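Structures given as structure tokens follow.
Here subunit A shows up in two complexes: once beside subunit B, once beside subunit C.
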Partner chain A sequence: MAAHCESGTITSLLNHGGLEITEPLVFGIASGIFFGYFHKMKSFTFPTFIVRNKPGQMRTNIEKRLGARFRTYDFKDAVKGQERLDQLLMQNIPTAAQVDFFYMDYVPSWERVHINVHFLVVTGKEGNTYKISDAYFPKMVELDALSLEKGRFAGGSMSPKGFIFHLDKLPAEIDYTKAITKGISKACFYMLKIPIPILGIKGMRMFAKKVVEWPKFARDTEHLSHEIMKINILLEDQGTGGAGFRFMYATFLQQAAGLINKPQLKELSEELMKIGDGWREISLYSARIGKNRDLGPEKLKQLSDMIYDRADVEERFFKTLSRAIK
Partner chain B sequence: MLTATDDLKNEIKQLIMNTLGISDVDPKDVDNEKPLFGGDNALTLDSVDAIEIIMAIQRTYGVRIADQNLAREVVRSINSIAQFLTEQKGNQSS
Partner chain C sequence: MKEKEGFIDYPEQQMILYVEKDDGKYGPMQTGSYISANYMDDYVYKRRNLEIDLREQLIRGSISPVRFYMVFEDLTLSELAARAGIRQSRVKKHLEPKLFGKVTIDELRKYATVFNVPLANLLQIILIKDKESFESSLILENKADKTSVEQSPTPNPYVVLTKIEERK
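Let's turn to the complex of A and B:
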């Protein structure tokens, strides 16, 4: 069982290939931690934010930094897409697939939502049923061929297009010092220096500034409360490992400290855990005011202040982290 | 395996009720094994309550429940919270 579908899927494939590596290490080396705020975008009907890098980027970053190679495929034709998957499974190659989470009918219906960037590992097929390892489930699950096909070829924004990948090659040796240092330095760059005002720490401040304007985008109080409560879901309940991936990144720093013998990373790990607690306070506050429909300007102002505060502490944190690996 | 005491379970019930401001339920009526969520127990809690409980447990007992998969398991029932805390205490002292 993993915390997040993409880092969990990559970790499973690497582990299966013989590389002992943890999910937090994969997440950290892949510079998974991030922040972006989207106030107005065509693909979103309401302002939203992200707390991790772009889907797919973890895989490509892991390839670059560990020297591993994944073979990827996408398809226009669903029949060809399923055939290729079946061929790989016949060769006993566990294969990761991008799917729309909604069609994964081993998930209780009330938990299923349309998310086109869910990743899982297909490990085998018996008759018309696929055997699946899904990060969110402690045990192997089964899925019928039609549901998997629907999930792999769902339409809409970021549609999977039958995308699958499997491990092709592992390097004979891995330079963890180089991989971890690069992973951290890129994460620090994205958080501190990327010159786009909606990304990184700047994005957090944009979020803090703009969240007080959310009522003007909402149809009514119900809609606003739903969107405010979604802050909690995005931070805590989308496979983030808690506190918008901050706890997972803190675990990465703790493990990296031992692996490359940099004790300061352990201290920073503890600091990030505390920073994560502050994000969890934001989760709770958002959930509470949303649930109680207590969404007056003073409440949103308080929420805004809490986010500004996280931006300030994360800015200090990432500056220290950046210096620590030089 | 360490076993959670009844005193700890009662303490947890009290902590939950104080945290959520519940005064109309007798702690004796709260079943230790039945799920706290879903309406089968004397306490009827929801996902927002779950976050409040996790944070209260963290603050009161000095533990961290970071991952949401673990959090879901821990706050399932009074027994599961008590067992988690007992094991954490055992880990700290060993």
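Let's turn to the complex of A and C:
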């Protein structure tokens, strides 16, 4: 199992290729930590937020910063897409695939949603059934060929287009100081300086401001309850390692401190763990008020204040982190 | 978060949480989902009520089957159109009960793929008796106490095999 599908998938391919590296290190070097708020978007029925960088960026950042090479493929034709996957599996090459989570029949129905950016590793095939290592499952799972095809070739936003990749090459040596420094400085830039009001710390403040308007988007109280409780799911359940990736990033900082001999990162890791505890409070609060249908203006204002508070502490945190890594 | 604070006993949905271990090191811990462990009943309650509400509208003819599933599966119009590979203006027509009759079999097959249901299920409602009441197959899946309802695809893309039998 891993905390998150993309970082977990990349980590498992790197580990399989012989590189001993942890998921937090992959996540941190890839500048995975982020925030974005989407109040109105064509792809979403309701306002929502993200807590990581754009799907696919972790892999490309790891290539740039570690010097690893992944061989990638995408396809217009599902038959050719399956043939290529089968050829790779015949050569015993574990292959990552991007899929729509909705078609993964091994997932309990209450977890299945249409999201085109789930990553898993296909490790083999027997008859018409693929063997899959999915970061969110403790054991290997199986999926029939038709379901995998539907998942790989689903349409819509960020459609997978049959995308698969595998490890091609590892570098002889890795400059972890350079990789970690770059990973952290980019993460700080995106959190603090990106000039788009829905992204980074600005996005967090936008979320805090706009969450009090959520009732007007809901069909009824039940719908609003569902969407408010989804805040908990997005922060804790959809593969974040807890507290919207803040716990995993804190782990990265602790590991990085030892790896590149920068003790200040260890202090910052402790600070981020506490920041994560604050996000956890938001998760629990959202679940509670949603369950109790206690969703009046006062409670939403309190939720808003809690989010504003996270924006303030994270702004201070990332400024300190940015200075620490220079 | 300390390790003992983060552990939830819920084998049905496991995840990895990063926590502070006893020795002060941060690391992964396998645990259950907090929200599923504590609020699953509420989630099922809301899903059931949503399905009943949409089903009643569908039976009355106030909404079309495409709108039923679009709302139930939380898709926007543009997302549904993109996933189905059907022009958005045409999907919009199919959302209207009076215009739904213009849909082609092939378009129904595309919608069925997006919703991951057999094509036949766009034109029928399956209720299964569970204990004393009838429950939608969308909520119950195939977990009714006494009746098994299994639907499997056939080589014919327009035909599904539905087997209904008494559980032994």
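The working rule: the second predicted complex is superposed on the first by the 325 of 326 C-alpha atoms of A that agree within 3 Å, B and C clash if a C-alpha of one lies under 4 Å from a C-alpha of the other, contacts with A are read in each partner's own complex, and residues count from 1 in each chain.
Methods note: a contact is a pair of C-beta atoms (placed from the backbone, for glycine too) under 8 Å apart; a residue touches a chain by one contact, two chains touch by 3 or more.
Note that the structure is predicted; figures quoted are calculated from it, not measured.
With subunit A as the common reference, the superposed partners subunit B and subunit C clash.
In the superposition on chain A, contact is made by A:M273 with both subunit B and subunit C. Look at A:F247: by the touch rule set out above, it reaches both subunit B and subunit C. Shared-chain residue A:A3: touches subunit B and subunit C both. Ranked by how many residues of subunit A each touches, subunit B and subunit C are led by C. After overlaying the two complexes on the shared chain, residue contacts for A:N232 are found with subunit B and with subunit C alike. In the superposition on chain A, A:R84 contacts neither subunit B nor subunit C. After superposing the two complexes on chain A, the stretch of subunit C that clashes with subunit B is 1-9, out of 1-9, 55-63 or 73-81.
Comparing the two complexes, residues 1, 3, 136, 229, 232, 236-237, 239, 241-243, 247-248, 250-251, 273, 276-277, 280, 283-284, 287, 291 of subunit A contact subunit B in one case and subunit C in the other.
Interface of subunit A with subunit B (complex): residues 1, 3, 136, 229, 232, 236-237, 239-243, 247-248, 250-251, 273, 276-277, 280-281, 283-284, 287-288, 291.
Residues of subunit B touching subunit A in their complex: 46-48, 51-52, 55, 58, 64-69, 71.
Interface residues of subunit C facing subunit A in the complex, by the touch rule stated above, are 1, 6, 12-20, 25-28, 30, 33-36, 38-40, 42-44, 46-47, 49-50, 73-76, 78-79, 82-85, 113-114, 116, 141, 153. Those residues of subunit A lying in contact with subunit C across their complex are 1-3, 23-24, 42-45, 102-103, 108-111, 113-114, 136-138, 146, 150, 154-157, 159, 222, 225-226, 229, 232-233, 236-237, 239, 241-243, 247-248, 250-251, 254-255, 269, 273, 276-277, 280, 283-284, 287, 291.
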